[in-house]
Each structure stands twice: as C-alpha cells, then as structure tokens.
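Letters A, B, C and D mark the chains in the order given here, with residues in each chain numbered from 1 onward.
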Amino acid sequence: MPSPIDPSVIETSNAARARDHAADFASLGERLARRGLDIEALTAKVSAFTVAVPSWGVGTGGTRFARFPGRGEPRGIFEKLDDCGVIQALGRATPAVSLHIPWDKADPAELKDRAAALGLSFDAMNSNTFQDHPSDPRQPLSYKYGSLSHADPAVRAQAVEHNLETIAIGEAIGSKAITVWIADGSNFAGQSDLSRAFERYLDSMKAIYAGLPADWRIFSEHKMYEPAFYSTVVSDWGTSYMTAQELGPKAFCLVDLGHHAPNVNIEQIVARLIRASKLGGFHFNDSKYGDDDLDAGSIDPFRLFLVFNELVGAGDALERLYPAHMIDQSHNVTDPIESLIRSADEIRRAYAQALLVDRIALSGHQDGNDPLMASEVLKSAFRTDVGPILAEARLRAGGALDPIAAYRASGYREAAAAERPAVPGSGGGIV
Amino acid sequence: MPSPIDPSVIETSNAARARDHAADFASLGERLARRGLDIEALTAKVSAFTVAVPSWGVGTGGTRFARFPGRGEPRGIFEKLDDCGVIQALGRATPAVSLHIPWDKADPAELKDRAAALGLSFDAMNSNTFQDHPSDPRQPLSYKYGSLSHADPAVRAQAVEHNLETIAIGEAIGSKAITVWIADGSNFAGQSDLSRAFERYLDSMKAIYAGLPADWRIFSEHKMYEPAFYSTVVSDWGTSYMTAQELGPKAFCLVDLGHHAPNVNIEQIVARLIRASKLGGFHFNDSKYGDDDLDAGSIDPFRLFLVFNELVGAGDALERLYPAHMIDQSHNVTDPIESLIRSADEIRRAYAQALLVDRIALSGHQDGNDPLMASEVLKSAFRTDVGPILAEARLRAGGALDPIAAYRASGYREAAAAERPAVPGSGGGIV
Amino acid sequence: MPSPIDPSVIETSNAARARDHAADFASLGERLARRGLDIEALTAKVSAFTVAVPSWGVGTGGTRFARFPGRGEPRGIFEKLDDCGVIQALGRATPAVSLHIPWDKADPAELKDRAAALGLSFDAMNSNTFQDHPSDPRQPLSYKYGSLSHADPAVRAQAVEHNLETIAIGEAIGSKAITVWIADGSNFAGQSDLSRAFERYLDSMKAIYAGLPADWRIFSEHKMYEPAFYSTVVSDWGTSYMTAQELGPKAFCLVDLGHHAPNVNIEQIVARLIRASKLGGFHFNDSKYGDDDLDAGSIDPFRLFLVFNELVGAGDALERLYPAHMIDQSHNVTDPIESLIRSADEIRRAYAQALLVDRIALSGHQDGNDPLMASEVLKSAFRTDVGPILAEARLRAGGALDPIAAYRASGYREAAAAERPAVPGSGGGIV
Amino acid sequence: MPSPIDPSVIETSNAARARDHAADFASLGERLARRGLDIEALTAKVSAFTVAVPSWGVGTGGTRFARFPGRGEPRGIFEKLDDCGVIQALGRATPAVSLHIPWDKADPAELKDRAAALGLSFDAMNSNTFQDHPSDPRQPLSYKYGSLSHADPAVRAQAVEHNLETIAIGEAIGSKAITVWIADGSNFAGQSDLSRAFERYLDSMKAIYAGLPADWRIFSEHKMYEPAFYSTVVSDWGTSYMTAQELGPKAFCLVDLGHHAPNVNIEQIVARLIRASKLGGFHFNDSKYGDDDLDAGSIDPFRLFLVFNELVGAGDALERLYPAHMIDQSHNVTDPIESLIRSADEIRRAYAQALLVDRIALSGHQDGNDPLMASEVLKSAFRTDVGPILAEARLRAGGALDPIAAYRASGYREAAAAERPAVPGSGGGIV
C-alpha cells in the first residue's frame, strides 16, 4: 500500500503556517469575544463534530457519458480504507466510513482490523439493488424493472435478502444503521402502477425492518428522479416520511441535499422531519441543476449554512435524533481525497457558522416582525470567516493546518499511482 | 341583471350543429365499440361528473403589475352568481359555486335563493386571511406578517375566528367543507422560525377543526411559494399531510395543480394521498412556470389526463374519499365565462379519456414489465377525441353543443357591459 | 445476421387490420373534409416527412448508476444498421441513420453497401470528444478537462482533427452535415474561465468550419448541463447562435428538445432561430426532469406538437432552412427497435396535427386578440386522432399498419438474441 | 417633508462604533496584507463603486394577492427623492436614482433641483407600457394585449411615443439611458404568433432607437415570464441580444438577476454579453423561486459574488462597457429604506470580494486543470468578511458605520409616518 501520511509531513507543513494561524485565531477570538462568543467553546464543539466519508467516494466518479479515471485509484475496499485514513489523518473530521455492499464486501474481521489501524470506524451501511450483480450467486435476478418494489415477488425477496445480508455485515463491523436507497421507478407514464409499487416497497421494507437489530436504525432515502426519469417510488420527503411512520420507531428519513426538485427549500424539510422526530441523517453534497453530487458547499454555501442553522437551532430535539452525517459526492475532476478533505471542512464550516447565530436576538426579531434584522443575524454569522477555528480543531487533533497543501506535499497520490495500476472502466457507482 | 341565456339561443345554436354532432357521436361510438367500450355508459358517467366554479373566477384577474379589466365585470356576489348560472346553463358541468369570504359575504337566505333560481348550489367555502380587511370590524389586525401562524396570538385568534365565521356562513347555505389556504411564510431566511411557525399554524387549525360541524370536511391547501418568496408554512404535500394527520378524520389535503416545484410529478402526489385516505380535493388549473393559474388543460393536457388516470384507477378508494373538484384560475386575457365553460369541458375531457383506459391490459403490461405497451394503453386513451361524448352530455342536460358559440350568440356579455359599469381597480384576488 | 422482416409478416399483420383501418381512415377523411381538409393531401405530406434514427439508439442505454442490457443487442455498426433496417421496413418513416464516430467507424464502402441493401442512407454525422478513445492512436490525449475548448492547444488540435476525420468519413458515405456537441464545461465555479473557454471553442470550431465541404452544414448543439454540472461552454441557444453567427453561412444551431432549463418555452427558441435563419435541425426526444432522453412525445405530447406548429407555420422560411430531423433517445427499459418505431410515429403525429391547424383562423384570432379561440384552433388540431393517416402512410409505403405488433410477430428480437451473445458492460454513450 | 438625517445622528452613531471599527479595519488590513492586498486601494475602489436606487423601490411592494402598506410611504416622486436622499446620506453608495415614467412625471427643473439638494442625480429612465394609464391623454389605448409588439399599429405607435417622451424627460434631467422592459407575451399557446410579435417589437424598438440622443444608450431587458405566463416576447438573453444587434451600437442588454429559468448560470450570461460588447447593465435583486425581487444577496450571496467575479475579471472590456448598476427590488415586509441601504451594501460587498480574487493564481489553476484550487481561490475571496472595508468607505464619505442603526436612531420613519398619511391601495408596480 502507498505509505500513509508521515506525521513529519504534517509537522513540517504546520510549522510553516503556525505563526499566521496563531495570529488569525487570536484575532478571530477577540472579534468573537466582542460578540459574546467564546472561541474555545466553539473550537471544542467543532472538534466534536464529525462526518462520515463514503467508501465509494474515494474513487473517481463519472456520468452516463464517460468516466475519466484519476491516478492511483483504489482497487478494493482495503485500498479505499487507506485513502479514507489519509483523509482523516490530515483533516481529523472524518473518523468513520460508510460502506456499500456488495462493492465493499470483505471479511468483517479484516475490515475492522484495517479500519482500527487507520483510526477509522464504520457508519451507516448502504445496500445496492440499483445494479445487477451477475457474479453474486445470491442475486441471480435482474433489478432492471425494480427491486424492493418489483412486480415479481422473487425479485423483491432477493432484494430483501440482500438488505438483510448488508445488515449482517454491518453488525459484524460495528455499524448501527442501514441506508436504503432504491432506484425503482418508471420511464413512462403508465409503466408502473404508482400505488401498487409503493405498497410492494412498503411490504419489502417491513420485511427488512423485521430483521433490524434492536439497536439499529433504518434510513429511507428519497430522490426525485434518476435513474428513473418519469416517476420514482420514494420520490420526496412526504413519501419517505410515510414510509418511516409505517415501519416504526427505528425507521427514519435520510435527506440527501441533491435529491429535490428545483428551488425546494431544503432546510424547511429538515425542520419538518425534526418536528416529526423522523430525521435520520444526511447525505451531504451540493448541486446546481439536479443530483449533481458536487462538493459540499461549493455551489451554494449559504444553503448549507441554513441547514445547519436548523440543526443547531433544534437543540435538544436534535440530540435525541442524533442524525447521521455522511458525505455522498461524485468526484469527477478532482483528486477524491482532496475533495473529501475539503468537503468535510466546508460542512464543519457551516456548523461553526451556525453556532455563531445569536438565537436570542433571532427569536426576538422573528417575534417582533423585524425581517431585516432577523436576516442580518443569520448573515452576520455566515459572513464570519471561521477558518481559524476549523484549522485549530485540526491542529489540536493532530491534523494539518492546510490539509490540501500537506497532502500534496506528502506525495501520497504519486505513491498510490505507482502501486495501483489503472483499471479502465472500473469505478462509477455514485449514489 | 343581464338577461340569462334564453333557451332559444341554445336551441338555435344546437340545431345548426345537430346533424354533424350525431354523425360524430355515432362514429365515435362505433370505434369505441370495437375496443369493447359502450359510449352510452361513458356518456352517463361523464354527465354525472361535475366541477365547481370559483365565485372569484368570473372576474378578470391580474398580476402584481396590472389588472386589465374586462367588460361587464360582476360587481358583487349576486352578479357573480348570475355569471356562474350562464356557465352552467351552457356547459351543464358546473352546478356548484365555491365562495370566498369576506369577498362574497351576503345574506345566506338570499344567496341560497339566487343560487337555486339559477340551478346552482354551493361547494367548499374559502376563507381569506391573506389580505387585510380594514372595513371589517371583526378583523382590525393586519395579516402582513402572517395569520394562522402569526407570532402574535391576537392575530391568530382573529384568523381562527374568521375561519369559524366562514364555516358558519357555509353551514347556512348548504356547504359541507372549508378550504384553508394561508399566505403565511417569509421573504428572508431567518425571518420566520420554520418550526415554531408550523406549530402555531397547527394550533390554529386545531381550533378551527374543533368548530367544524360533524358532517363537514376541512381541506388544507399547500403551496410552494408566493406571496411569500423564501418559505411558506404549508409549502408541500408532506406538510399538508402532516397537518391532516394531526387534525383528525375530517381533515384532508387539497391539491392545487399549480402549487408545486418545477417538474414535480403531480399524479404521484395524488396517488400517495389516496393511499393515505387524505385526498380532499382539487383546485384545477394549468401552468407553465409556477402558480400561473392558467386554464385547465391549456398547457399540458396529458398531465391533466394522468391525474384523472389515478382517480379513475383508484376505484372504490376514491368513492370513499369523494374528493371535491373545483376550478381555481385567473382569467387575465379572456372572458372569464368562456374560460370557465371551456375549462370545465377540458376537465371532463380528461376524465372521459381516463375512463377509456383498458385497466386490465394496463395492469398486465405493468406486471409483465412491458413499459412500451403500458405507455401505449394510456396514450391510446388520451389520443381519443372524446369531444362528441362531452357534447352529447351537454345536449342531454339541456346545454349547448358548442357552448362558446352559443354564449357569443347570446349577447350576454354585451348586456352585462351595458348594465355593469366598469369598476377600475376592483377585482384581483386569485388564490 | 438475424433475418430481416419477411414481407409476409407485414402482410399477415396488415391483413388482420385492414378492414378496421379502412373504416377508420374513411371516417377520419369524412370528418376532416367537413373542416375543409383533404386527407389525401395530408397523407401525402406525412408520407414525405422522415426522421433519422441514431445508430447508438438501437443499443440499450443506461445511466451513471447502471446499464441493464437487453437481449440481442447489436455488437457493431453493421448489426446496428440491420436493426435500423427493421425499423424502416416496418415504420417507413426513418430512411436515414445518423452515425457516431468513432463508435461506428468502418469501411465507408461497406457502410454504403449495407445501408443501400437495407434501404437506408446517412444523415448528419456526430463526432465524439466527450469520451477518451485509448485505442485510437490518433487520439492519445484525454478529454477529461475539455476538448474543443481545452486549455491545452494540443488537445484542441486533436479534437479538431477528430471532427475533420468525422467529416471525411461522412463525405465518403454521402452525409451532408456534422453535429458538434461537446461536453466541455466545469464542475466548480472558477474551474473554467467562462470567456476564455468560449474563445477557444470558437477558434476550434473555425478550424473545423474551414475544413467543411462546400455543400455541408455544421450544427452546433447546446446543452444546459451534464456531464458538466456547473457550467457548460455551449449552454444555451444564445451561445449556440453566437457561434453560428461567428462561423458563417454554413453554420447552424441544433435544438435537442431535452437540453434546456426547466419550464423553458422551446417552440419560442425554434421561432427565434427560424427568424435568424440559423435553425439547423433537431434531436427529438422527451423529458420530465432534465436531459432524460425519453421517447419523443411520451411525456408532453402537446409540447412536441407546438414545436411542429412553429415549423409548419414558418412555411417558405423553413423550406429554405430544411432542418434535419433526428431522434436522440436513450432506451433503458424498452426494446430500442420498438421505441424508435413508435417515436418516429409520434413525431409524424405531431407533424400531421400541425398540418391540421387552420392558419387563417389562427392569425385572425391572434390579430383580433381572441386568445381563447386562438388556443382552441391549436387544441382542436391537437385533439384530432390522426392515427389513421399515419397508418395509411405506412401501408402505402409497404410498412405495417401496427408496426409494433408486426415486429413482435416477426420474431426478430428472438433471432437476434440467439445470434448476438450479450456483451456485458458495453453500450452506454447516449448524447 | 420629514427631516432629513441630521449629521449629528450619524456622528453619534459612528462615535459609539469607532473604536471597534478601527480595530476591525486594521486587523483585516493586516490579514489582507499577508495575501499581498492593500486595504487602502481596495477601500478606494469600493468607494468609487455606486449603484442606483429605483424610485419605485422606496414604496412598499406587493403581490397579486395583496399589498400591506408600510408607515410613511412616499406619496409622489419628491417624497421618493427624499427617501433616496436618506439612503444616500447614510450609505453613501447610491448617489443616483432611476425614475419610472409616468409614475415619476414632474417638472424636470424641479426634479433636478430637489435631487441636487439631496446630493442625487438620475440614472437610466424606465418607461411603462405594462399598465394602462387612463388619466394620461396621450395614452388612451389599452396595453392589455401588448404594447411595442401589439397587433394593432396604433397601440404600438402610442407605446413608441411614450418611450420617446420618457427619453425626453430623461434628457431634461441628465439621464443618459433608457431601460425598456415590456410585459408583452401570451397566456395561451397560439394566442400570439411568436415570430410576428417579435418582428413588431423590433420595428417599434427601431423607432425608439431612431429617437435616441447621440450620447444615450438603450437597454433591452429580457424576462422569462410574468405577467405573461405562456410566452414572453423578450424572454431570454438570446432574444435580447438579437434585439441589441439589430438596433445598433447604442443598444445593449440589461440583465435582471431574477428574470431567468430555474438553475440558469447567470454569470455565464454576463460573460457572453461582455464578449459580445452588449452588456448594458444590471437590475440587482435576489430570488429563490422566480422573479421574487428579494433583497440583493439575501438568498444566494455566492451567486452575486460570481457575477461580480465576471465583471472584475473582464478588466478593460468592462470599462469600455461601463454597465449601469441599478437595484430593482420589491420590499414587501421591510422598511424600503433599510432594505435599499443594506442591498447596496451587499452589492458592494460582492464587488469587494471579487476584488480580492487572486487572478493570476486563478488563471494558473484553470490552465493547469486544478479545479479544486481554482474553486478555492474564489471561495477564499468570498469567505473574507470585507465588512470593515464597506464601513470605512461609508465613513470616509460621511456616511454611517452602521447605517441601519443610525437610520433607526434618526426617527426618520416616524416623522415620515406623521407627515405622510397612508394611501391604501396605492403603490405596487415593481418591475
């Protein structure tokens, strides 16, 4: 395997930046203090906030048109874990990995060992019934016309079994949740009976729910369209919410930021699901047009901040829900390790900005019908460059002040390229 | 009042078209018979299908930029009823009117008498807390910053009272339902606490629900945006569904075809609400860009057909729900009477086309994974020009074969223009 | 190769439908005659209207998530031509094929011979610089970061050369046009200098234009997004128009119906390009959400009709432009042969409906400010089931009254499946 | 009139904030210096950047549903100028006002005098043919069915005359440009002949252009929809560009940030118009759903920054174009004076952030295919809180460090409320 990041690389990189950082951190602390905010308390909260990286995210993604592989792409789950280890070593914000079965199938003990050696653990599992798995003897039937909602009970049974197997693998490696996203839907009006398909989906989900360990949660993930281009069985949060209600107390809704119709107010969906005690977690990413799976915060950073504003504002209610934070992106033109380090940082940035919101003042302006000042309370938090807090959190945890620079200095990618020959056509598979 | 439509106008108009119509009806009957369909049974079903017209729809609508009044606009509810009587006399598809309070406030007995004289009854009532009513002593407080979800309990109480008064008026005139649409929302991120505003809305709705007569239904109508341009308290069907669940068995969701995000699959929402036994009714209209309130079926007739395909396909489930059918349009450039006659016809057209769908064949293609033939089953129903059935239904009920032509021949608008002087600046108010 | 369609299959299929068809055609003729329309003249016009099928369309498409292959997929251009021959034999609306280079590279003489044997010719050529071609010695450089607009002049030169080669192949087989669609764009704000990238694209296009034969046309095809998810170099018709203006009189704009922002009024773009004498042609398909590449007319048939309403309404102007008609679809869940037969029929349907529009009456209502009747003129044309005309056109040309039924009866797909083993992973590549 | 802002109010307000501001300015200066940026040079550039306020913006706006007036609304153009004077006195970013004729018709000399007394001048004029003006003897004909593109030549002539009159008024008060936005379009497919309507529009514009003074510019403003809900004559930048090309060298395109289809990349349109030397100016505002006319920068501040990134990046090309900067917002729930002060500040903020972009580094990353670092260059500029620079620019020009606080302290609104009785129903009219 390519050498992991040598601590000395981080040290050298940090040393060159230490003085400026200290000045910036102090200056920010002083300005925040004037607003009644304690930079130490903020840094502690930010340090405690983590987000899981997706195992599939360390490979180069693609589109239906083409995939342009990067250098040194991981060829299997263990190399993927290595890459995730680098992300965590530098950024210190991503101590957990979310696996995708069957892509990441391997001996559970080996998985746990390798993860532990890298300082990683496992977050929610992901099943896959949106592709055929011709080499898997337990999945001989095709999902071309659906999986959990397929008209044929044999296909549904196969898909249910696959989910149960995914849970079993997750149990063996310490995961506590499964995310179910299905590609079931239609390309033509009439192709699918919208009602019967949903009933079949619910029946299948109940069968999976019945096999869920006592301390697990199941997340239903909605998506407006793609790969089905006319209708999707679980197309919106309303349908996802119906599902979670029907299944029971261990069922929750997962919000992928890119899975909505144009212009939809996503933080309002978050607020509704918190109210219903059904917010299970997030797939973070960003988008301009659809489910673009771009890097979190890269397109509309204010929108990401507003989602965190709801989360921080929910207070105790959120602690009871402890939603899962996971990144779900497709890295088509960048080094995935760099994108994931930076995306985790952007997510933490939004969280840190949300922590700055003066909630007493905000409530006052809201109840006093002063929209301009209410807006200004949010904007002034958003405008604050909390970069020094993010850097300090990394620094204290042993990470890099400038993790991208440190990564580039480390030569990790070059080493990976040397040891991992290109596998043309591989990869893809971005949820 | 302007003379109503003289039966002789209809007779003369029909006489000129009788032979061609008879030929077309016979020819269509023969072609349908070949597909195993009985035109008489279809005509009977279409004849029984009706849709309510909105009292506000007979005035000329406008936009925030301007309103360009038409000739002979009704100056009050009684003249509006006259116009609705003309629509029904010619089209025979719209025997009920949906009122808007306080716009249409009047002595209930007089309302009932005038309606009865015109062959009309009253469908769901509509309250109005999206405008201020400075002349109403019972509504001194402004709704500028909200109504049922306002931060101030006094405003909420006023809005609740207004809804209860609307129900009371409805009871007196034989209505059995109230539609609640609120304009509450925000124009700035932060202006409104999305969670607290929704709780306040629910509390207010519970107070209204508590005052609902035993045989009434209450419809919650969602809308994505406008007049609030950042967030709306009841922005989507998921929120509307949560509301109806929370309120109880007499609460249902109303679907306005224009109140969704771009590209949303509306018939899927209809299917979901039918499944949840919470579909309360429709506001029919059409749109290209947003809540355009254009004439039903004028922009995307296939979409309207697909909604009816869900309704007809739901069978018994729908009969138990008996959703209300109401038109809600803004007629900015046409004679509203003409638009409403034609829109009711387009809605019946979609219903008639949906009756043609071969549901046995459709289910077979769906279960057999034959999308092309499933699609073709729907398309072949949609492609059938059911115009002769619609005309025959009108004819048998005493209406006009060509109601627009008969209307123009009647001189009703000219007479109205002579008797109703223009009231510049009046009108507007389109939900 | 699988046996082509035996004429006796068509004859048998037609015989079973002849009587009903004759009745339907006669009945429609009579009804049209009452409207002053001659069904013979209409049938002749429809018969003369053709649309090209894309070579890549006869394979099963897919999405970035998966491709679910169909049975008997063609393994190369000659088998693709066989399938196109079947489409033409049954539907008689698609006598030309649009090739994609390098996918369809082969000996030109052989291509011409095979096409001629199948009654086919070649429409506009398509180049491909949106994928890497590692096995092509003339294209060693990657298009990962762009092609005609790439920052590196060597990549641009390679892409230009590829287009010139595509033209050369086209010349050898009798094509007269090239469609240039590039995937160049960005995934991040800042990734690309929007101005410089466009200049480079224009320079490259000028180099291609310089190599265009005298009697050729070059089509620039715009697309809003995908595979680039932040910006696309040729993102809208305005940019495409600028390009065509800059290049010269042989350069035109190609409109793919699925390449626009949500809600855009496509027929208005068509009208503008006709006015500018820059409408080069169409890629027909349909969509609900984005560039869904669904079957033409399957989602919003009225929209397709409105595009043809502009074309027919343009009269002489259009004849001078003679825009290319090409289908560009991705068939993910249907037999591509069936989808293409039906799509060509739907396109002809829209054309036939547009021929029914009473243009004198329409102009009169437009100039007389009678929107309702103007709308009704279009709707009454659209509502007419012109199916008998389409069938008659096929019948007279030797095709099938019910081409899907005849195709299924022919056993062609089963034969193809037997002779063409599955090639997992192949396919994809849908423009 | 209400007392203008007493300088002592500003002095008192500033005094309380002087020390903190000085510290923040110094601290920012130091951090910028480390990045090689001179805060003095930046402050000078920001000070020189101004944006015009719209006369109609100081009234409370509304929607088609209702208008909720604010206190002390201006009752005529002179009171509007007073309010604009307050905005300028406090914010020092808005020394010009954009008038709307006939709303703001008054004696030119008086207009100039009042403006001069308030330190104001006049930016581009706006004509209004989207409303009827029954009290204007020169405009007896209705624009219900169009203005510059109306089928009736008499209406077109009237609309042309109105534009020429608007120019004449503008000449008298020192304006140098006219913005033409028309509401012409259709609500039904077929209502308007898309091609003929555009020809008529071009003819009318040519007549206006012929009357344009030698040193004037004419701006054509496109808008996708509203008030027409099916088609708009000048619906997109492509049509606007065609218009400007056709008219000649004094014709340019105006970009209103809210007038586009969902998801459209606006800065790319800006880049294209710069390339074509046809960018005439901006109407700044923000939006989430459509043409929401919300406060600039309130919804997606990164998008606003990216527009300025194009402007700053264009360098000399932009100086030759000197696009007009105008705000065009509808203030429905805030005090318009506050919204305009803050919006001008947000626009300056975006400009200041764009000045921070390291363009050498950016070009390097672009040409080196390093999307992540290219994105980071933009983001690091955007993340910088340039508030101290904006405040310093105001301070040096005699404005307020915290202009909203100073405004509230001044009591201006209360004084205005006392002197300007409410005029229910007035207002509206937001372009």
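Throughout what follows, a residue touches a chain if its C-beta (ideal position, glycine included) is under 8 Å from a C-beta of that chain, and two chains touch if they have at least 3 such contacts.
Per UniProt, the chains are A, B, C, D = L-rhamnose isomerase.
Everything numeric in this text was worked out from a predicted model, so none of it was measured.
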Chain of greatest Cα-centre distance to chain A: B
Contact-richer chain pair (by C-beta pairs counted) among B-D and C-D: C-D
Centre-of-Cα separation between chain D and chain C, whole angstrom: 42
Whole-Å gap between the CA centroids of chain B and chain D: 39
For chain A, residues that touch 2 or more chains besides their own: 144-145, 187-189, 191, 224-225, 230, 262-263, 265, 288-289, 295, 298-299, 302, 333-334, 369, 371-372, 375, 379
Chain C residues touching chain A - in the complex, by the definition given at the top: 61-66, 68, 130-132, 134, 142-145, 183, 187-189, 191, 224-227, 229-230, 262, 287-290, 292-295, 298-299, 330, 332-334, 424-425, 428-431
Residue ranges of chain C touching chain B (in the complex, touch as defined): 20, 23-24, 27, 30-31, 34, 262-263, 265, 288-289, 295, 298-303, 333-335, 338-339, 342, 369, 371-373, 375-376, 379, 382-385, 387, 404
Of chain C, residues touching chain D in the complex: 144-145, 151, 186-196, 198-199, 224-225, 230-231, 235-239, 241-242, 260-265, 267-269, 271-272, 274-276, 302, 306, 309-310, 313-314, 362-363, 365-369, 371-372, 374-375, 377-379
